[in-house]
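Heads up, the next two complexes both have subunit A, just with different partners, subunit B and then subunit C.
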Partner chain A sequence: MSNSASFFTDFQATDLLFLGEAAGRTLGISAVSITIGTILGCIFGWALQASRWFAQATIGTVLDVFRSVPLIIQLILFYNFFPIIGWKMGPFAAGAFVLSLYTAALVANVVRGGIDAVGIPMRRAARSLGMSYWQDLRYVVWPIGLRAVFPSWVGVALSVIKDSALVSVLGYLELLRASQILITRTQEPFIILACAGAFYFALSYPLSKYSKKLEEGWTS
Partner chain B sequence: MDYNFHWRPVFRKLPELLEAGLLTLEVAVLSMVLGITIGLGLALLRMKGPTPLRQIATTWVEIARNTPALFQLFFFGFGLGAFGLHLSPYLIVLAGLTFNNAGYLAENFRGGFLAVPETQVRAARSLGMTAVQTYVRIIIPQVLKIVYHPMTNQMVWAVLMSSLGMLVGFRELSGETQFFASKTYRIFEYFAVTAVIYYVIVKIILLASNLVARRLFKY
Partner chain C sequence: MIEIKQLHKYFGALHVLQGIDLNVSKGEVLSIIGSSGSGKSTLLYCINGLEEIQQGQVVVDGTTVHDKKTDINKLRQRLGMVFQQWNSFPHLTALENVALAPKIVKKASKDQAKSIAEKQLKHVGLGDKLDVYPSALSGGQQQRLAIARALAMEPEYMLFDEATSALDPELVGEVLDTMRLLAEEGMTMICVTHEMGFARDVSDRVAYFHQGVMEEVGSPEQIFAAPQSVHTQKFLANVR
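Now for the complex of A and B:
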């Protein structure tokens, strides 16, 4: 029976390549979502901080929904909503879209906290020195606020990398989905899951330690 | 837009969905109770435990915080299967959520304990309080105040995370929704209603937490 094909084959070296590619896709979709989400989040966060109630009632409410509904539901919802309004979006585009908005919702809060951390007296001082509103934002609020909330931003970015695993429900072949496929074929769940887990851990652990160190250095 | 929304089949299944929502809440609450208990233990072990136990606690916390929740769920699902241990979907979700909650809460608790200065213990003791009194009257109330808000967040998070149950075949709110959605192909409608239910659950938790906080932290 040596020539017979089997459904179940052992874990091979090429499978590592398969996992590696999938890990690359995890990184790709995370990078795209974090970049877009951070830019949007900065704008939203600034708007939320700067306006009394209008931004709070509009952007604030929408972002609150993004934080209060499970990401997996958001993904399925949007993925099935795009065809209804006639947009053709693959798993990557739909996944990146939802993840970006989700990131933006988290980053907006961080940014608002950062601007609050600068404090009104400091900003009045900047304006009294003759800085324009935008100069105040760029040369006073940005450097000081960034320092205050950079560690929280790293935390958000890391959680987005981890949450990107959920894009697998749309059929996007990222790391966890690839491991699931391999598990079905090789019937060796432990090794494969350990590989996938180790990848996330190796990415997340040093970064979280680094941001914690920064935080300690800055607050003391 | 040539899509006709059909909401009626969804509303007809609303009682089932709400019941599944209760199951979601049940798993989340249970995992929080277990998570708080284990998290407290992990925090204490990390601060004052003997070295081997401290390392185990640290490993637990770091794995829980640095890998995706879905990975943790898969681990309890398929990973343990490698050792011939097959949990029911309910237990997979409960174990996964508890593992995650305990890891995150342990860090919060540790932060809370570290925030109460050591000198307060000595001050309380020199006023004649016993060790137990010191903990119950001086330390715990202050720690509780610090960790209360993160604990509420974790509870909300547990509800949101329990939605991953649908990927391991657990029929809580998301799993139930997927089950009905795949039967009728009204995927968007079903998940839209489910999203609303999640939103309401989260808001109720936050409201309840605020009310309790107002009573607890009057000073």
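Now for the complex of A and C:
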């Protein structure tokens, strides 16, 4: 009887592949943003700690804005702002740009806390041995501070993986966007969101597991 | 030789060192005593350039410490320093703690740095703790580790900033013994200390500091038996 074309089709095995590819894009944009954001965050955090007054007035203020404005608003604002100043940026580039700065803002504070955790007496002890400022940073502040704030950094990284879902509003075909497309087609939100959730878990779990192992190695 | 000439140091409005003149010759052990806040520790920090000074100068073997042209990192290799808090590097074993500075500052090879570290750890009686992390060492052992770490740079002078003040009473002895050993070996030492026994028995000279001024300096007999200044007399009467 039904010779009319249906708008909806069932969830198929190939859809899982579609979700997998999208998960790969989520991983990609997260990895890029976390990497760039962490490098920038280390530099900003160091600057904030080293020259409190000047850096706080400049970098600190900018980072406060990035930390305080909802990510989704930042994404939409920047995505629409870039063409105005003549930058041609696709959803990936714009998303990675905003996510990186957002990550940097969070990491900068983690890094500043890490340097503070080392403390001035420890650094004076290092300098009294004839270490230069940079040797002190590299061989004393970095390893000791890193151990102190590594769990906080992992927390930031995990939240960035999840927050990358917001890049879907720019039309970037990552995990959440792919799920929405499939839901529209199959009308099976429960199965598809469960699959998407499982993919997010699969992306995050190795990081949290690996970091725990790393921490255990440090404390022994 | 360490020469301190008309040294003035301020922390904001606070005049913590008010024109200190003091010479310490090679092989000498000088103890600096005085109540808290008298500027004793600050003087040590000024000697190895960890604190800026506002007036006067500190000269170590002919090199002016606070001269902008002075390679301060190089100069500090001649001035070992031990702090009240031992500040051992928690992520490194005892051996690595001691070997780190020779390796990265003096560019010693891995094997050289290791053998220097072994030698110095044995020197301070920690020969059996080479691979132990600081968290597994007592306060006294960590302080001896800090002494070994400073000695590994083969300094000409050792500055001790209240090296035993943060220790439990039963651990003070082992650190003082190590300091005594160094004094017997002829190390030039400036010891800011609250240990009057050590100051009396080990030092060649004792200086008494009071509110940023060096009230008097002389042989231990002179200072402890016949102090000239009223402040010194009062201080010694209180600590005895």
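As a convention for this text, the second predicted complex is superposed on the first by the 197 of 220 C-alpha atoms of A that agree within 3 Å, B and C clash if a C-alpha of one lies under 4 Å from a C-alpha of the other, contacts with A are read in each partner's own complex, and residues count from 1 in each chain.
By our rule, a residue touches a chain if its C-beta (ideal position, glycine included) is under 8 Å from a C-beta of that chain, and two chains touch if they have at least 3 such contacts.
Please read these numbers as outputs of a predicted model, since none were measured by experiment.
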Worksheet item: Is A:171 touching the first partner subunit B, the second partner subunit C, both, or neither of them?
Response: neither
Worksheet item: Between subunit B (first) and subunit C (second), which, if any, makes contact with A:90: first, second, both or neither?
Response: neither
Worksheet item: Which partner reaches more residues of subunit A, subunit B or subunit C?
Response: B
Worksheet entry | Which of subunit B and subunit C A:20 touches, first, second, both or neither | neither
Item to complete: Please indicate which partner A:139 is in contact with in the superposed arrangement: first for subunit B, second for subunit C, both, or neither.
Response: second
Discussion item. By the touch definition at the top of the document, which applies to A:125: first (subunit B), second (subunit C), both, or neither?
Written reply: second
Discussion item. Contact-wise, after the overlay, does A:74 reach subunit B, subunit C, both or neither (first, second, both, neither)?
Written reply: first
Practice prompt. Residue by residue on subunit A, keep only those touching subunit B in one complex and subunit C in the other, then list them.
Written response: none
Discussion item. Show me the residue ranges of subunit A that touch subunit B in the complex, using the header's touch definition.
Written reply: 65, 68-74, 76-77, 80-81, 83-86, 158, 162-163, 165-166, 168-169, 176, 179-180, 183, 188-190, 193-194, 196-197, 200-201, 204-205, 208
Discussion item. Could you list, by residue number, the parts of subunit B that touch subunit A in their complex?
Written reply: 1, 3, 62-63, 65-71, 74-75, 78-79, 81-83, 156, 160-161, 163-164, 166-167, 174, 187-188, 191-192, 194-195, 198-199, 202-203
Worksheet entry | In the complex, subunit A residues that touch subunit C | 121-122, 124-132, 135, 139-140, 143-144, 147, 218
Item to complete: Spell out the residues on subunit C that touch subunit A in their complex, using ranges where they run on.
Response: 45, 48, 50, 73-74, 76-77, 79-81, 83, 85, 87, 89-91, 100-101, 104-106, 146, 149-150, 153
